[in-house]
Each structure stands twice: as C-alpha cells, then as structure tokens.
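First the structure, which I've put down as structure tokens, then a few questions once you've had a look.
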Amino acid sequence: MTVYLSLAGVLFLIGLHGFFTARNLLRRLLALNVLTTAVFLLFVVMARLAEPLDAVPHAIVLTGIVVTVSTTAVALALLVRIAGRMRDEDTDPAAGPRGGAG
Amino acid sequence: MSTAQWIGGLMVLAGIPFFLLGTLGLLRFPDVYTRLHALAKADNVGLGLVCIGLGIQSASVTLLLKLVLIWVLMLIASATAAGLIARTALARGLRPWGT
Amino acid sequence: MGTAGVIFDGLLALALVWLAWQATRAADLFHAVVSFIVFGLLMALAWVRLEAPDIALAEAAIGAGATGALLLSALDRLVTREGRRTVLYEPGAAWGFWIPAGAALLGALTLAAWKLPAPGLGDEVLASLGASGVDHPVTAVLLNFRALDTLLEIGVLLLAAVTIWSLGRAPSPLVPVMPSPALPALGRLLFPVFVLVAAYLLWRGSHAPGGAFPAGAVLGAGAILMLLAGARPWIRSSEHGPWRWILSLGLAMLLAAGIAGTVMGQAFFQYPPGTAGPLILLLEVAAGLSIALLLFALYLRGEPCEHGYRGSGP
Amino acid sequence: MTELYPAVTVLLLLNIVVGMVRILRGPTAADRMLAAEMFATSAVVIVLLMAFVTGNLALIDVALIFALLAALASVTFVSRAWSAMTGGGSGAECGDDEPGGRS
C-alpha cells in the first residue's frame, strides 16, 4: 500500500504544479484531473487499510468521479468558446480591434 | 489438475507472445499503416486465445460466453478503428512506407 | 499475488507518474490528451489492485467514454497558435518553491487523514446492510445511507448541463472528410449491446459491483457513439420541452423520494420499512437514465439546435 | 498454470510500459492513438487474469466495459479531433443565422 500512498503524493504534486503554472488552459484542466485522481487514490487506499473494507470512501469517490466529469465538461465548453473568440480576432481582419474600445 | 485446466492454461500462455509481438511491431514498424497491421491482428489473436483459454478453465458456460462476447466486441472495435484510421490517414496524405 | 503483485504495483506507479507528467507537460496538446486517456486506463487497473471494483467500473466507463470523447472532441477547436507556444509554463515557477510548498500541503493533508477515526465505517455499513434493501455495501451507501450525496451529485450534473446550454447554440462539428461506411454500421451493431450492458450493470448493482453510475456512463457513451456514427439526435430546438423534463427526471425523482420520507413523518431520505429494495431499484433506474442523458447533454457542448449536425448524418 | 498468471500480468504491464515509447515518439497523432488502442487490449487481458487470480469474477465486467468502449476513443479521434490537426472545416456555429446568436 505504501506504493499507492506515495503515488498519490507524487500525482498530487504534479497536478498542483501543473494547475497553477501551465499557460495553456487545457493543460491546466488535465492537471486538475490528475490532482483529483490523486485525492481519490488517497481515499481508496484509506478504505483499503480499514478493516473490514470501508464502503463509504468508495461511494464518495464514485460521486467525485461524476462531479469531476461535470467540471471537465463545463471547463471544456468554456475553453472552446474562448478559443473561438480568440480565433475570430486572429483571422478576421474585418472585425477590427475588438474589446479594446468598449 | 484436470485436462480442461491444462488446455485452458496452455491457451492463455500461448496468447501472450502475440501481445509481445504486437508491441514489437508497434515500436519497430516504419509507418502508421504497418503498425496498424501489427496491432489489429496480433493483439486480437492473443486476446482470443486468452479469453477462450480462461473460459475453458472456468468450466462455466455463462463465463465462457461472456469472455467470448468481450473478444467479439474487441474485434469489432479494433477492426473498425483500424479501418477508420487507415482511411483517414490516406485521405490526409500520409504516404504508405515504400511508395 | 505475492512478489509479482509487488512488482506489478511498482511498475504501475511508475507508469502512472510518467503519464501524469506527460499529460501536464508534453509540448504537443494531442500528446498530452492521449497520455491522460492512457492514464485513466491504467488508473482503472490501480483501482482493481486496490479492491475497488466499483470505482474501476466507473473509471473504465467514464474515463474511456465520456472524458476521452469530451477531450478529443474539444481538441478540434483548441489546437490554435497557443498550443504551439514554446514557453509552456509561467516563468518564476521554480521547483525550489514548489517542492517545499507542495510537500508542506501534502504533509498537512496526511496529518488530517491520520487524525480520522481509524477503523472507518465498514462495520457500521455491514451492520445496517440488512435493513438497506440491497446486498452490495457501495450501493447501500450511495442510494440509502448517503442518498443525499447522490441527489446533490445529480444536481451538479444538471447544473453543468444548464451552464453549458446557456453558453449558446451547440457548435456544429467539423465533418470528417471521408465518412467511412463502417461507422454507421458500428453504431447500429453496438448500440443494442450498450443498452444491454447498461441494463445488466444496473441489475447487478443491488448485489455486486455495478449500479446506476457505470450503467449511466455506459449508456451515455453509447449515445455519444451513435452521434459520432451519424445518427441524428432526436432533440430539436422546437421540441425542447420534453427533453428538459427528461434531463431533470432523475433529480426530481430523488428529491421526491427524499421529501416523501419527510412528509410521512420520518427523516429526509428515510424509506418506509420494507419498501427500500424496490424503491432503490426505481431510483437507480431514474438516476442511471438521467446520468446517461446528462453526460450526452454535456457532450453536445451547447444547446442543440434545429439544423445542427448537418452533413454528419447519412 | 494458474500460478503463472501473476507473472503474466506483470509481463503484459511491462508490454504497455514499453509501448508508451510510441506515445512519446509519435510522430503523427494516429500513431499515438494506435498505441492507446493497443493498451486497451492489454488492459482487458490484465483485468481478466486478475479476475481469475483473485477469484473476484465481478472484475470481468470491467473488462467488458473496456471492450465495449474501445472503439469510442478512435471514432472520436477520427471524426472530431484529427480534422483539426491538418486544418479544414469552417467551425461555424449552427445558430449563426439567428440575430444575437453571437455578440
């Protein structure tokens, strides 16, 4: 189990660092997903160490997985909108300088 | 150990080299098309051997059917995926190796 | 599994760290996304090793299904000039700061975890399992002991779908250059299997790993596959009414089950004695269906519209 | 025979780890996707063997889900992601013709 505990720690650090320092927003989102996985791992290892096997952390992690998917989906939808807006500004000379005037 | 156990175990073990060969192909072959060829064929033969071997060992018809279902699903998936990737690669202008 | 098990765990941990590193630091965005998908795949193996088959099922269904499809589909709009920038990380983000800071945070979390009551709640769950109406502890926790969590979780999903739909119309996807005849055939062939497997998992949930979560995720992935295979979604902007009702069905039913207990003079989500089994099955069906539909709604990335998906149909 | 299965799972995991080199090296997106496909097949076998080693036959369902969803990633990749790598497609929103659809 020590292996999985240290794995959770390392993944936590990788996710945390990526989440705060990545410039690309998609990369930040992936880092956030890695971070949540590390937390889930910690939960499940603790459930495994309990005697008998603890079902409550398993249920919490299942709930957490679904919440993570929702977060990812909303973030991706926002990212796609942002990218679309940026592309418009990049490629559409007729649009002129946008946002600066208002 | 019964005969079924032996036959099943031997089939499972016989399936494993196909995976190793598939990976060898994935690493050593020169382009997408040849790698597709290596993976789509070798891995699925290996999976088939493992599934049927385990099914024989389990001595349960329900389990055998479930394992065969897994194999068939994987065959469908990898056949379609291989076809789609090859077609799209060709349409995107990736030249097959040696042409 | 003895020595082999130890080697397996070590190798798996190394592979996972390597993939997480690639997913957050690879220069190519597609490389990062594929690394993350494989990371999810191997995580499912880790859950299996940790004796958490329920989570392995959910991770396999959601990681390989919804999350993978969401990420890969978003890439078509996200690969811009930004993706090829050479400086990937903020300057000044030195490891000299990050390693101590992260270690301190990690230490605090470990300490907090250490302080938790040691034996866990396993005994309590097993003790009241007989009264819960199901035989599988995880399902009992999800839909009886902590049904409130499930209610709120469906609420979060619904909120996410509402947020995404309020962003505007669904962007019409970039149509594949060479639609293969194999794709619609794949959809037709596999969709019945998706429905069958989802129903099977739902039924298994009462006595073995399975239940509404993996079932909903599998069904949602099936719907996404059908959409990709060129099936036209039956939702049209003029007919949003029923679609919205179906989306909120799961939340409404869970809420009704919760409030019914209160009305009958019991606690919130306290089921009348003897009816817990059938009631949980009903709630599972509702939750599974609404998880499937909500995942599909999330995948659409916007409110579906009348003439969307032109060209992708046969 | 069954005593060998744990060692076989290690071998297959090693197989996946070696295959990761292809994800690292690419060169094209298709190569990376292919490698991911291969990992799904190997993972199915690992899970199946573990189910028989531990006697927890519920794990077969995990393998079943892997097999069922194996096609989804490739199909999404081919029909959605790859079109962007080499350009193409207009990227219009379907509500463009409505007033106020995009402000």
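As written, the chains take the letters A, B, C and D, and residue 1 is the first residue of each chain.
Operating definition for what follows: a residue touches a chain if its C-beta (ideal position, glycine included) is under 8 Å from a C-beta of that chain, and two chains touch if they have at least 3 such contacts.
What you are looking at is a predicted structure, and each value in this text was computed from that prediction instead of being measured.
Peer 1: Counting C-beta pairs in contact, does C-D beat B-C or the other way around?
Peer 2: The greater number of contacts lies at C-D.
Peer 1: What chain is the most remote from chain B, judged by the mean position of CA atoms in each chain?
Peer 2: Of all the other chains, the one whose centre lies farthest from chain B is A.
Peer 1: Between chain A and chain D, what is the gap in Å from one C-alpha centre to the other?
Peer 2: The separation of the two C-alpha centroids amounts to 19 Å.
Peer 1: In whole angstrom, what separates the CA-based centres of chain B and chain D?
Peer 2: Inter-chain centre distance comes to 14 Å.
Peer 1: What is the distance, in whole Å, between the centres of chain B and chain C, each centre taken as the mean of its C-alpha atoms?
Peer 2: Roughly 28 Å separates the two chain centres.
Peer 1: Tell me, which residues of chain D touch at least two other chains?
Peer 2: 33, 35, 64, 68, 70-71, 75, 77-79, 91, 93
Peer 1: Please output the residue numbers of chain A that touch at least 2 other chains, ranges allowed.
Peer 2: Touching at least two other chains: 84, 87.
Peer 1: What positions in chain C touch 2 or more of the other chains?
Peer 2: Each of 49, 51, 75, 77, 168, 171, 176-177, 183, 186, 190, 193, 302 in chain C touches at least two other chains.
Peer 1: Using the touch definition up top, name the residues of chain D that touch chain C in the complex.
Peer 2: 6-7, 9-10, 13-14, 16-17, 20, 23-24, 26, 29, 32-33, 35-36, 39-40, 43, 46-47, 50, 53-54, 56, 58-59, 61-62, 64-66, 68-73, 75-81, 83-85, 88-95, 98, 101-102
Peer 1: In the complex, go through chain B and note every residue touching chain D.
Peer 2: 1, 5-6, 8-10, 12-13, 15-16, 19-20, 22-23, 26-27, 32, 35-36, 39, 43-44, 46-47, 50-51, 54, 57-58, 63, 66-67, 69-71, 73-74, 76-78, 80-81, 84-85, 88-89, 92, 94
Peer 1: Touching residues of chain A toward chain C in the complex: what are they?
Peer 2: So the residues of chain A in touch with chain C come to 3-4, 6-7, 9-18, 20-24, 26-27, 30-31, 33-34, 37, 40-42, 44-48, 50-63, 65-67, 69-74, 76-81, 83-84, 86-87, 90.
Peer 1: Using the touch definition from the top, list the residues of chain C that touch chain D in their complex.
Peer 2: Answer in residue numbers: 1-2, 4-5, 7-8, 11-12, 14-15, 18-19, 22, 28, 30-31, 34-35, 37-38, 41-42, 44-45, 48-49, 51, 53, 56-57, 60-61, 64-65, 68-69, 72-73, 75-77, 79, 168-177, 183, 186, 190, 193-194, 197, 201, 204, 208-210, 214, 218, 221, 224-225, 228-229, 302, 305-308, 310, 312.
Peer 1: Under the touch definition given earlier, write down the residues of chain C that touch chain A in their complex.
Peer 2: Checking each residue of chain C against chain A gives 6, 9-10, 13, 16-17, 20-21, 23-25, 29, 32-33, 36, 39, 43, 46-47, 49-52, 54-55, 58-59, 62, 66-67, 70-71, 74-75, 77-78, 80-83, 85, 87-90, 93, 98-99, 102-103, 105-106, 109-110, 113, 116, 118-123, 125-126, 137-138, 140-142, 145-146, 149-150, 153, 156-157, 159-160, 163-164, 167-168, 171, 213, 291, 295, 298-299, 301-302.
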